[in-house]
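The structure appears right after this line, and notes come after that.
Note that the chains take the letters A, B, C and D in the order they are written out, and that residue 1 is the start of every chain.
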Amino acid sequence: MQDQLFWFFSIAMLLSGVLVVLGRNPVTSALFLVLSLFFMAGLFVLLEAYFLAIIQILVYAGAVIVLFLFVIMLLDLKTENVRQFKRFGAGGALLVAGALAWKLASVVMAMPAADAKPVVGTTEAMGKLLFTQYLLPFEVTSVLLLIAMVGVVSLSRKETK
Amino acid sequence: MDFLNILNCTILTPLVFAAGLCFVPAAKTHAIRWLAILGSFVTAVLGVLAFLWFSASDTGFQFVNQVPWVAALDMSWHVGVDGISVVLVLLTGIVGFAAALVSWDIQSRQKEFYVLLLIMIAGAMGMFASLDIFFIYFFHELALIPTFLMIGIWGSGKREYAAMKMTLYLSAGAFVALIGLIALYLALPADVRTLDLVKLLDYARSHPLAANVQYFIYPLLLFGLGTLVSLVPFHTWAPVGYGCAPTATAMLHAGVLKKFGLYALIRIALPLLPVGAHDWNGLLVVLLLGNIVYAGLVAMTQKNFNYLLGYSSVAHMGFVFLGIASFTFIGLTGAVLVMFAHGILAALLFALSGYVYAQTGTREISELGGLCKPLAFVGTLLVMAGFASIGLPGFANFPGEVMVLFGAWQAPAWQAKMGAATVSWPVPLAIWGGSVIGAVYMLRALRNICFGPTPVRWQMLADANLFARVPYLLLLGVLIWVGVYPRALVETIKPATAQIITAVEKAVPAVSLKR
Amino acid sequence: MIPVTLEHYLIVSVLMFSLGLAGVMLRRNALVVFMSLELMLNASNLALVAFSRFNGNLHGQIFVFFIITVAAAEVAVGLAIIVALFRRRQTVQVDEINSMRL
Amino acid sequence: MNLSLLKLEIATCGLAMLVLMLEAFVPRRDKRFLGYLGAAGLLAILAWSYCPSVTAGGFTMGSGFNGMWVNDAMALYFKRLFLVGTALVLVMSVGFARQLEGGAGEFFALLMFGCTGMMLTASVNDFLMLFVALETVTVSGYILVAWLRRQQQSLEAGVKYLILGALSTAFLVFGITFIYGSTGATGFADVAAKIGTAGAPLKLGLLLVLAGLGFKMACVPFQAWVPDVYQGAPAPVTAFLATGSKAAGFVLLLRVLFGALQSVKPTWVLVIGTLAGLSVLYGNLAAMPQRNVKRLLGYSSISHAGFLLLGVAAADSFGIGAVLFYLVAYLFTNLCAFTVISCLAGTLPDDERENYAGLAQRSPLLAAAMTVALASLAGVPPMAGFFAKFLIFTAIVGQKMWCLVIIGAIGVVVSLYYYLGVVKAMYWQEPRETGAITVAWPMKALLWVTMAAVIGIGVCQGAFTRWAFDAAATLVK
């Protein structure tokens, strides 16, 4: 059952990913991005990373994508009728991406098999780690979020004379 | 740092005056001029004092002052002079003062000009007075930046091209030499690494560097420094640079700064890398013949008097190289003497040429003519300087060149290397090249400039006034003094060159004279 | 059917990463480019979670937590900049962003 | 949990928040006061970092936070560098303030937050911490670059920086993923312990991490953003990127290379050497035809990344010491140059070289400062840049890397050409418009300070070299 789910989730995730890249309308792309990330959350569940699966849906689907859609609506972008892809051609880009994929995949295939016993990413386990061992980066992240907030507010407030 | 040390004073005085000039309002041009002249005069006096107080009978460095600077590299502020450098300090003082005096023709942005001039003098002083390899190099580069700006702002003709070309050539050459110096520093074992020249010389005396290391490092220094001295084929910057430079810059550069390459070869490369120097001597001989013969031939075709002087200075450099390449005591001593003599002579020639240019607005030989009539004084001096340039007895160049030729004549290095029986073949060629070609182009130019009918437009030119005559007379006086009484310098130079040659002969037995 | 192992997850992650990269290089719309960048970051997330499970410790999952947080901040800032540019230029096409050239 | 290890960072961050809060209460015309407050505060923190209680061994030096954090002499060296740099950039921003539309207070605060991030990078000892610290710097960078919302160029630069920066982050993260995957840890010490057994995935991961750091350092082939961003961003921000952000990239590189990868030195020396050579060549050759001064400095910044990498490639304590000295020299030099540029930002139509023509007649001080800065960048004595290059070349000649020496030599000579081109314009050419350019006194003071620093470091190299070498000695054992 789990294996079948893996195949389903990963193929669906990749397909939605392809549609993000190929989508003619940014709204379509954004919606497929949500879908893709949703399937990834499914994969997280399969990997027993429950906390992250929830976070993935809450933060990405709930916040990031809403932000994207909001911006797209705000800008009132129409479907692109003009050239959709960059000038230097799809061939080069695909070649680079393909080569990278090939290289990475060959490295991955050569990796030794893992034998450690699996861990479960429950909220409790994650929370304990975050507030003990990872306290410092956690606090730094709060500064980072403050920076982002200040920046966004300053960048998008009305222009003053 | 000992601020009463005379060498520190000679280096810092021009810098202090330059800093002082920065605070004088730019509009007070007279104050600026006199302050700058005062600064260069004090420097010159200090240079003369250093020469006079120098005790010729003592070997080793005098007026030494050492302050640690960068411990990690064993680099220190280390000043001191021996017979070679004290002569060049004297030269810098005299030429610097003369250059400040002749700069009355600078009519715009005087403040900047004099600040740069004083920095140049300080740099030149520093490079001869320093005994730390880093500072020797550092001061040369310090003196080089003003050259670029001065040619660009106050130059004439193709000044932009000239300034760019000269700066790029010289910087590239200096950089190659720097790599050589760094390699030299690193060739020592890690625990004795030092940039201190005295320590290096001491160390090299007891532990010569490996022959292959010397073979590798010496060409970096030879070609790097050679570019700075306009060694053929890296000489093309010189005529165009001097052709377009303002008078004072040409005087200081051709007279003093250019000697840096030779000085560093004699001071650093020869005693530290004698085997390398011997290995590369064959090539150096070919190139220096290029300097003497080829540059002389090119000089003959020049239409512009400053270009001609530029090529003639390239040719004169050949003689110094000949002295270095001879590996003989007398040859090396002569080389140092030629360095001094040429420094004074080049300054005098460029100064006079500058005066003519300021009066006539042209340096084209064909447009000038009969200048001896309106400009009796300047014309006469020009002719005398020309005589000095072609090596007539009575002027400083003569004893120097003769000594170089004697040295070259007996040089065993070439006899061993090239298989010549008694007389080494470069010598007659050099004599022929130096005297005949030099005489031809210089006399022909002088005839065209000074004699013959005076064109109408030049008949009303004003001769130099009493004040303007001071620098010319000063330089000519030195030229004649040394020409008549070379002992004054030679006795000072001898102990230092003897030391270098002894070190070289010990390291490379093939070059020692069979007595 | 072959049992699913670490490798499978990694291959999926690699494909996702390359897909995102292709998107970044292909697309002209800055917003879509930005979405493709999100795909790339998420590819790392997947690989990290997979590694975390098979390495037997939670450090990888913690890392993912931080990546998600940082990515959210980055998206917010990025969109603010893109909106500001759109207000000025009326375009989000990256190859029209070329007022600075030699 | 030992917060005293974070003293300086907490103080800096607190200062930034203080400025942010005061911004709400300070009337618009007094906003510049906030900039001075920030600069003074940062300098106070700098002075504090010299207090024995901070420097003396024991409670503020050492490592902590489960090995994620290390406070050693090198960390302190870089933190001081960041503090000085940011303080000077703040003063520069005050002079630039009339260009900043409103919100000058936030601008100052963001600079200080960025500084906090940089200070964090100096102590990083864990890949997770590396990621978080680096992002703190990067995100504040995005905002600052795009700050001038009314200028199209600033926004375009912001978008470019954003997209390429996010791309490099993606590579960095993917690289860390593989490192974690093959070693099961993210701490440098753990990675170093397991490096022998982990094979290709680890190498791949490290290569990807290098790509992420290369973006910060602006070395080839991660340099695509540099010219546009340097040209488009507000001048103080460009200065901030060119000095602080680049130094942050280098401190992280050093931490990774010597913290985690000490045992595979021969491999990375090759990679770093190649990148160094390419950066020197590309940066210098591409800078030659540039006519825009900011853009030219952008390309020159690529070449300087190359020179710095040359020192890293030497990979001994001398080379690293040279890199540390170089960064300080480069900091003051760049700040000097960008102070001139920001003084001119309101006066000249744009940064084309033609507009600099005859600057020496319109403002001798600005022209002199620019000349000092360019001479230092070109490596001409007595400027600091010369001694920095001298140290770098000594390091690589010492390693007998002749190929790199030759490339470096070509770079030095070529660079002279284009730097002199600007000097030429300022001094030789006639100005397009006449009329003296007045410089406000804080900018004047900044010019004098940076010029004095550039020349002072170049002449009295002793103390600076000693600090740099002492710091390097803690890294390279």
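In the analysis below, a contact is a pair of C-beta atoms (placed from the backbone, for glycine too) under 8 Å apart; a residue touches a chain by one contact, two chains touch by 3 or more.
Model, not experiment: these values are computed from the prediction.
Any chain touching subunit A that also touches subunit C appears here: D.
Centre to centre, using the average C-alpha position, subunit B and subunit C are separated by 65 Å. Note: centroid distance subunit A to subunit B, computed from Cα atoms, is 70 Å.
Centre-to-centre separation between subunit A and subunit D, using Cα means, comes to 31 Å. Computed centre separation for the pair subunit B/subunit D is 42 angstrom, with centres defined by C-alpha atoms. Annotation for subunit C: residues touching 2 or more other chains are 10, 17, 20, 34, 52, 55-57, 59, 62, 66, 70, 73-74, 77, 81-82, 84, 94.
Among all residues of subunit A, those that touch two or more other chains are 104, 108, 111, 116, 134, 137, 141, 144, 147-148, 151, 155. For subunit B, the set of residues touching two or more other chains is empty. Chain contact topology: the protein chains form a pattern that is neither a line, a ring, a star nor a complete graph.
Pairwise chain contacts in this structure: A-C, A-D, B-D, C-D. On the subunit B side of its complex with subunit D, the touching residues are 68-73, 75, 112, 134, 137-138, 141-142, 144-145, 148-149, 152-153, 159-160, 163-164, 167-168, 171-172, 175-176, 178-179, 182-183, 185-186.
Contact residues on subunit D toward subunit B in their complex (touch as defined above): 318, 321, 360, 364, 375, 380-382, 386, 390, 393-394, 397-398, 405, 409, 412-413, 416-417, 420, 423-424, 427-428, 460-462, 465-466, 469.
For subunit A in complex with subunit C, the residues that touch the partner chain are 2-4, 6-7, 10, 13-14, 17-18, 20-21, 23, 26, 29-30, 33, 36-37, 40, 43-44, 47-49, 51-52, 55-56, 59-60, 63-64, 67-68, 71-72, 74-75, 77, 80, 83-87, 90, 92-94, 96-98, 100-101, 104-105, 108-109, 111, 113-114, 116-119, 121, 125-126, 129-130, 134, 137, 141, 144-145, 147-149, 151-152, 155-156. Residue ranges on subunit A touching subunit D, taken from their complex, read 103-104, 107-108, 110-111, 116, 133-137, 140-141, 143-144, 146-148, 150-151, 153-155, 157, 159-160. Of all residues in subunit C, only 10, 17, 20, 24, 30, 33-34, 37, 40-41, 43-44, 47-48, 51-52, 55-57, 59-60, 62-63, 66-67, 70, 73-74, 77-78, 81-82, 84-85, 87-89, 94, 97-100, 102 touch subunit D in the complex they form.
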